[in-house]
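First subunit A sits with subunit B, and in the next complex the same chain sits with subunit C.
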Partner chain A sequence: MRQHQQPRLDIRSVACRFKKPLLLLLPLILFLLLQTLAPAVAQDMSEAEYRPFPKIGSRNAAWIAAQLHLLFGSFILGVPMFAVIIEFIGWKTKDARYDRMAQEFIKLCMGAFSTTALLGGVLVFILIWCYPKVMSKLSGIFGPTMIFYVVLFFGETFTLYLYSYGWDKMQGRHKGWHLFLGVLLNVFGTAIMFVSNSWLTYQTSPGTQYGKLSDATRQSWLESKLSQNPGMTQTEAMEGITDATVIPLHNETTGEFLATVWEAVNNFTWMPVNIHRLIGNIAFGGSIVAAYAAFRFLVAKTKEDKAHYDWMGYTGNFIALCGLIPLPFAGYWLGREIYMFNNTMGINMMGSLFSWLFIIQAVMIGVLFIGANYYLWSGMGRIDGAQIYARYRPYMIAIIVICVAIWMTPRTLSKISTSSELSAMGGANHPHLGLFGLMTAKNTAVNIIILTTFLSFLFYRRSGKSPTASWKKVGNIAISSIFFFSAVSIIVIGIVGFTVPTDLRVNVLTPYQVLIALAVMVAVTIIDIFMYRKATMSGTIKWGEMTDRSQYVLILLAITFTSLMGLMGYARSGLREAWHIFGVMQDTSPDAFTPLLSEAVNIVAIIMVIFFALVGFIFWLGLWGEKKKQQTVAVESEGEH
Partner chain B sequence: MSNTVVKIASLIVMVVSFIAYIAGASAFPIASENLLPWSVWFIISVVVNIVVWSSVMKLLTFSLAVIWFYAFVAGLVPESSTATGPVTALPWEDPDAVAEIGAAIFNGKGQCSACHTVDASAPKGRCPDLTDIGVNAANRQPGIDAKTYLIESLYEPANYLVPGYGKIMPEVWKAPIALSQLEIEAVIAYLQSQGGEIDPTPYDEPIDRADAGTVAAALPPLLTGDAALGKKVFVSAACISCHAVTGIESPAAGEENQDFEVVTAPDLSEIAAFNDMRYLEESILKPGAQIVSGYGAVTVKTDGATLQGTLVSQDTEQIVVRTKKASGEEEEHTLLLTDLDEEPIEELTNLQANGYFTLTLTPTDADAPVSGEIVDETEDTVTLKVGDSNQTLSKTDVKSLLTIVDFDGNEIVGSLVSGSMEDDEIVLNVDGSEEVIDTFDIEEATFTRAFGKKLLVTSPMPENFPLLLSVSDMSNLLAFLSTLTGETASAEATTAADAEASGE
Partner chain C sequence: MKRLSLFTKCLIIFVGCWVFLRFIVGNVISVPIPGSVVAMYMGLIIIAILVHISVEDSRFREFLRPIHETLIDDNKRLRRRVIAVLIPFALLAYTYSIFAQRANPPGNPRDAHPSPPLELTYKDEVIGKMQEVENPFRHYEKDDPEAFKAHVENGRRVYYQNCFYCHGDDLDGQGHFAPHLQPLPANFQDPGIIPNFQESFLFWRISKGGPGLPAAGTPWDSAMPVWEDMLTKDEIWDVILFLSDYTGYQPRTFGEGH
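And now, the complex of A and B:
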């Protein structure tokens, strides 16, 4: 019989126990220190306008640090969103597999969290060192939001730690509280992203024309009036100035910001970027998780492991798809707002400086959709009874390939054609194919791709199941009709789009196409859920029996997502051209120009290699820790025997 | 053992060739002949790695290959950079070199090529094609030489508009393009090199950058008008009768005006989000200065009928005019420009400003009339595009037609030989024979010097606002308009809806 011993405070064991959280906190502390000191340091160093970063230059250094921070940030913000949902499903269905998977996702997130904070700190350090004036200006405008950011960061950090370390302890009756922590974590994470987005979107689209006076402007107005009229009272000086008084956001000559901080936060591209990134984070997080699962699947030794990581990969890809489908819509909104803010900027983006970048973007999004569909079809191979859908595959492949080809079609060929080719075409546009280069054709193509991908997913969902609903025939006819008529409508609207003025197309026709696609997905999902509610299983899913090729597709998708984010980051920043803050603060550094696309993709490639190396290292650390834990458990259980 | 060597060697080659490709290193080993660029080394090593390695290394190879592939594809497409370097001096000893600098700015920092083409075969762009602008600039405006025209066009582009194109060009010396004087000089040299001679004569900028700054600084930065009072002005001055603003009740309809369509003037709900106060002020004081596309008023004649309505759209071949019947029913008419009726012209002055785009006249030394599209106009001459060539004709040496209507309603049309209404008789040449008409029998006589097709777009907004509005009204109205960023209106609408919901 074991004797009860008085608990003894062992400093070493306590230190060991808290070593990991403390190590994780270290970069966070560094980051917060830099964040907090940023305005003061920037102010001190504001005499120097620019300082060169050794060897690679200031712009490249800031670019690499910012993009890496953004990629890790996107991952750690995206993963908790679906981890909470999966945990909730596990709680409600009482299926422990979901809980295990959600916990595994959060473990991945924990590893990446401190790296994100560390990279954030590095970025702030580079910016303060290389661009003191810019940082001084931005911190002068956004000072209050930076303090808010720090508070949110504390909130996010401690919620994440509680959520992760409390996972095993908060099972059972505490599960509801644990889920609440997960939701809170997402609230903090989303708020943090919204705040930081306001800084960078302000640089691209610095507010509307007018806004309400800031207290500082009110005070300086008063002082200037009193100095000009010494006999005047404060009330006289402020006569006519009310809470409704508005002011141009910036002094036209000095570029000084005159309005309240909210006017700077709530700029043209802020909310579109928020929404775009929110959805993008889900897609990106899902794809990275799927790539991790693919890697674990490929190196797995046991059937159980293969089955688990096959399932995890499928879930990750499903989440990525859920994010990918609405992404083009959010991107369209962002593009529209850029046009609304500054027409020339919009033209530069889609029709001039960056037009060919969007052809590359189309190639990548084409790869994403084709890859995602391929994975779904591949997955249907391991479901008994899924063969009935195989006959549709060639047609769906043809539709997607044709639509991707349309999406990739450039409008103007002047830069890649010889003069004889141009004269044969009778201009810079191909007489027939040139039509596909117009936005109306591209919007139509992307909506059809989305519907086809949704159909693939529907087939996957139905595989191995037989509906028992009495109205299944009517339901199938209804679903087929919805798909057919919506596709016809989208195509007809697309054709009409060639004949109407741009305003009508942009503001009416394209939104209708989007609404039709979204309505189809909602309506069909509802019908399908009810139709298959009491479906009988005609076959089982043989988890773990996926081909290796399909796992490579998951990795391809993760790399493509990352490349795409890198290239779009280049476009978003490059649109400012020779401005730190567009139209307000000019870039007078040697880097005051938009680099060539070929230079940009090389930088993006370097960022990708570093990102995947870091992610690989973090995942490997997690794997290593897991192995050590398993070995310890094995040794302990041997000892007990 | 040998297998291990191959594995490690192929791995090293792959990593090295990837780094070299990204870094843009020269080809290896035979750089001068470029036989084996790094991309080929990379592809070979990827294939070898995939064959010799398994599991993790194969996966890494695949990942690196995908990253490289995207970089490679993106490197193949055409690209542009805005890098031009600072222009501190222009080498005027070599005008072509200046034009080259100007071309780089035209295609880069100046962003001109985003809208202008320099290719006659290119499809119609957002702004006019600039092929041969070095010559054509001299013919654009009467009495203005090519360089002056180009200077004006770059500094104050709204001054001269090419027919068929709107006021969309920004002032390139202002932010965000912000070209320096030297940069603008280089662009002008480039434009002059398009078919013309480069004129290196220095010029004074038609604007004063320092003064512009001082004026801006001296302007009171605050809009001290009362937006709430301005809102009342907006309703009482009847702006609301034509312009919609979300959330403001229309006295005419007696309901929120988002529920009915206001088609006569643009929606102003977000006007301040995209326009500064100067634009708003100009729009009130000079409504015709900038007409929003799709809202211009137009009167055209076709097949003897007159159509009066809104110009919905216009291109080089046709126009779309929306008319409204007394019943309120709207109708859109698509008209070919060639189908418009020619209208008689009494005075050959300011033809283009009055909307004429074609002209038919008979020179005194010619028997047949000359007809063509108006290309250019001076005080004394008009240049018509007749067939493929341009003809410059005098405005004074033109045969006039006199249309005489007698008291019985008979109409006689002929060219004037002699006489006037002051004389007892007038002699007309009608179809080759001379007719003498007693001036006492004439009820109405009209001189017609030419005929032309006309498309004059005007603002339907009345121009008497400066008379109607006091200074404080104007200030209040501007203060109100400057709050229309879209959010204010939606916030007000929400507040109103909340109030309604709570029974207030």
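And now, the complex of A and C:
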């Protein structure tokens, strides 16, 4: 039988075909580049507060470079975290598949590493060129941390090289050392992120609580306060000051820095941003890896490849879910700390300038949860014996969709209603649906979504298995009761939240809801593990038999994560409004205005297109190299035969 | 009896949800929901239906079967022709509905809440940082209940002499002048108003009124007078005490943080 030959893509012939147009295009690109740079070169090179970036403006240039750097950075910091865990699992279970997958993850990371560094360099150049005074101020405060950053960066680079290139060499008895390198890589990566987070969080919240200040800083702050108010006594200056009072780290009149480097690093929002980003990196890294696997699944020619990339996509999505579930809690903590630092900033975020952004955020997180559940449910289709759980699916879809609807219902409807609709409602708030706009309703909804997603995962885990434990009936009743009573408790707490003072709701009731959800996940997982410990397999997972639709969902999840990160970056940075350093250094550049949400969405869309183009190119390069390697191996083996 | 196809069931669910939101919630249970919100909810319902039908291949095929039959089968020719006629009519009706609408001005595009300044002032006097200023009479609630009661009573007097014309005698934003104002006066009985703001924020809104609202987020079009021109500082603090005492809602306070 004649084998059907697939036409092969010959790069050389393609290059020859496009040689002439490329040669014509090159001078044109060069001309455009020179034209773009000319105004910049023509500027006064003497000391300036701001220098405009040609064509797109300084803010947009810094915005695009910073967000791209952050997206790549998030990927290369997130992937090693789970790669090392997967490698460890492979080592312990002696299953080579895990080791191969972890290595594949790190290969993706290697491709993105240099681009991250390159984008970091571009960002620094833009900032130094366009915002020299701001950079001078920040480097004056954070100089020592910048040196530390460079040391860490070298540490991370060489550890990554050793970890990646030493993978095949450090097998067998050296595996422990290789895993140690992986852990070290994560330590360096996390430390790098924490250091750079300190700079940007300081711009947002240049203050810390009185109780955390050193004696010298307390004294400097008191002296500066007394010098600003000549008639004031020391006792008057200290009136109402407790350990929790937020103290600015600058002289409020002159802007002079009063504190130590550590106090600037450990500013009000530093740790919440660190935690939020750490978890976010895992979720983002998982989703990008899953999207890569989905793409490879869709183009795979053999059953083996399909099975491998199906498994890889599942693992990526599982990791993304592990990150996604605690992410809203970390975000809530960050939001709370922003309110605590400055109430005006908090109101701007949730009730004023940026409030509609959080409706978009709700829509996107809704897409993430619906998508992640959809993928899990689709995955159950390839497991024999999973059909018994299908009957619960419509109810779970209904619960998730109702919760997403609550989460995305705006509090104030004036912007999206006609005047007659407003009159019919009796104001900008709907008397009943308006309650969904309050945080107590939204927190309740998100906790229920998380529990439902966990239930989906539980069903997935159980699919194709039959428990042999004698107490399986009691176990199932216990698990069902835990789910039921915890859901009721979360809803009751949510309803009570409407009636209590906000401080009590924020600091007591909402944390209780979170604790209940977390406790359910821990308790049910423990019970389930013991119940299914000696389970018999009633069906196998047919890896590779996933629908193409489910793979597109994985790609959609990666796109949603990326755009969500872009939009939240706009919120985090935009909260400062017309300040480079909030309350200390004012932005007097022509860009000192908060861009409209529509403008922000456009910029984020551009960033997303560039990001996926770059990621696609890096992945394609990896694929190309892999193909070349496979061809060489094939030719060599043919020669041997 | 012939079983309904999955497609028909989904169609019934979709139409049923729309009827529920538009007429049952919008007219029977509550007041009408804005069209944009209904559209948002209906979008979610479409997503839910799509998720349900497309998770399994067999279900997806079952859903598509009537569509496929209508387009291909010879015995469905009549149905095909009816649909071919109905589509242009539906488009015509939609176009007509857009153009036949009576002039209906859009709602107020202002932000939910104005962005407060960093400093709280009364006339030209700086009281302090918005974050830190507290109601000077609030501590009487614990320290001297009689004095607190007197301040609340004074607040009640100030409210019914000045505020109730717009904000209503039950503080629900339904005063005599309210129907003629756009935006409508604040409804203090709403759980999203008083509990979300510090007393300093309320002081700022009362003292500066509509003209004192920030440049960002305009147009505000608020009819609220500049009360610092007519009331003393103490009267404003008293009326804030009255608002929370009457409604039972405590203004926003902040705990220890971290």
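FYI, the second predicted complex is superposed on the first by the 555 of 641 C-alpha atoms of A that agree within 3 Å, B and C clash if a C-alpha of one lies under 4 Å from a C-alpha of the other, contacts with A are read in each partner's own complex, and residues count from 1 in each chain.
By our rule, a contact is a pair of C-beta atoms (placed from the backbone, for glycine too) under 8 Å apart; a residue touches a chain by one contact, two chains touch by 3 or more.
The structure displayed is predicted, hence computed values, not measured ones.
With subunit A as the common reference, the superposed partners subunit B and subunit C clash. When the two complexes are overlaid on their common chain A, residue A:A605 makes contact with subunit B while staying clear of subunit C. In the superposed model, A:I347 makes contact with both subunit B and subunit C. Of the two partner chains, subunit B is the only one that A:L556 touches; subunit C does not reach it.
After overlaying the two complexes on the shared chain, residue contacts for A:V404 are found with subunit C alone; subunit B is out of touch.
Applying the stated contact rule after C-alpha superposition, one finds that A:L567 touches subunit B and leaves subunit C untouched.
In the superposition on chain A, A:W579 contacts subunit B only, with no contact to subunit C. Judged by the touch definition given at the top, the superposed model places A:M238 against neither subunit B nor subunit C.
Once the two complexes are overlaid on the shared chain, A:A216 sits clear of subunit B and of subunit C alike.
Judged by the touch definition given at the top, the superposed model places A:A523 against neither subunit B nor subunit C. In the superposition on chain A, the residues of subunit A touched by subunit B in one structure and by subunit C in the other are 209, 240, 244-246, 268, 340, 342-344, 347-348, 351-353, 414-416, 422-423, 426-429, 501, 503, 577, 583, 594.
If you check the complex, the residues on subunit C that touch subunit A are 25, 29-37, 40-41, 44-45, 47-48, 51-52, 54-57, 104-118, 130-132, 173-174, 179, 182-184, 187, 190-192, 195-198, 201, 216-217, 249-250, 252-258.
Taken in their complex, subunit B has these residues touching subunit A: 22-24, 55-56, 59, 62-64, 66-68, 70-71, 73-75, 77-84, 108-109, 111, 113-115, 119, 121-123, 126, 168, 170, 175-178, 213-214, 216-217, 221-224, 226-228, 272-277, 293-294, 313, 479, 482-483, 485, 487. Of all residues in subunit A, only 209, 240, 244-246, 268, 271, 337, 339-340, 342-344, 347-348, 351-353, 355, 366, 370, 373-374, 377-378, 381, 390, 393-394, 397-398, 401, 404-405, 408-435, 437-438, 498-499, 501-503, 506-507, 547, 549, 577, 583, 594 touch subunit C in the complex they form. Considering their complex, residues 208-210, 213, 217, 221, 240-242, 244-248, 251-254, 258, 266, 268, 295, 298-299, 340-344, 347-348, 351-353, 356-357, 359-360, 363-364, 414-416, 422-423, 426-429, 501, 503, 552, 555-556, 559-560, 563, 567, 577-579, 582-584, 586, 593-598, 600-602, 604-606, 608-609, 612 of subunit A touch subunit B.
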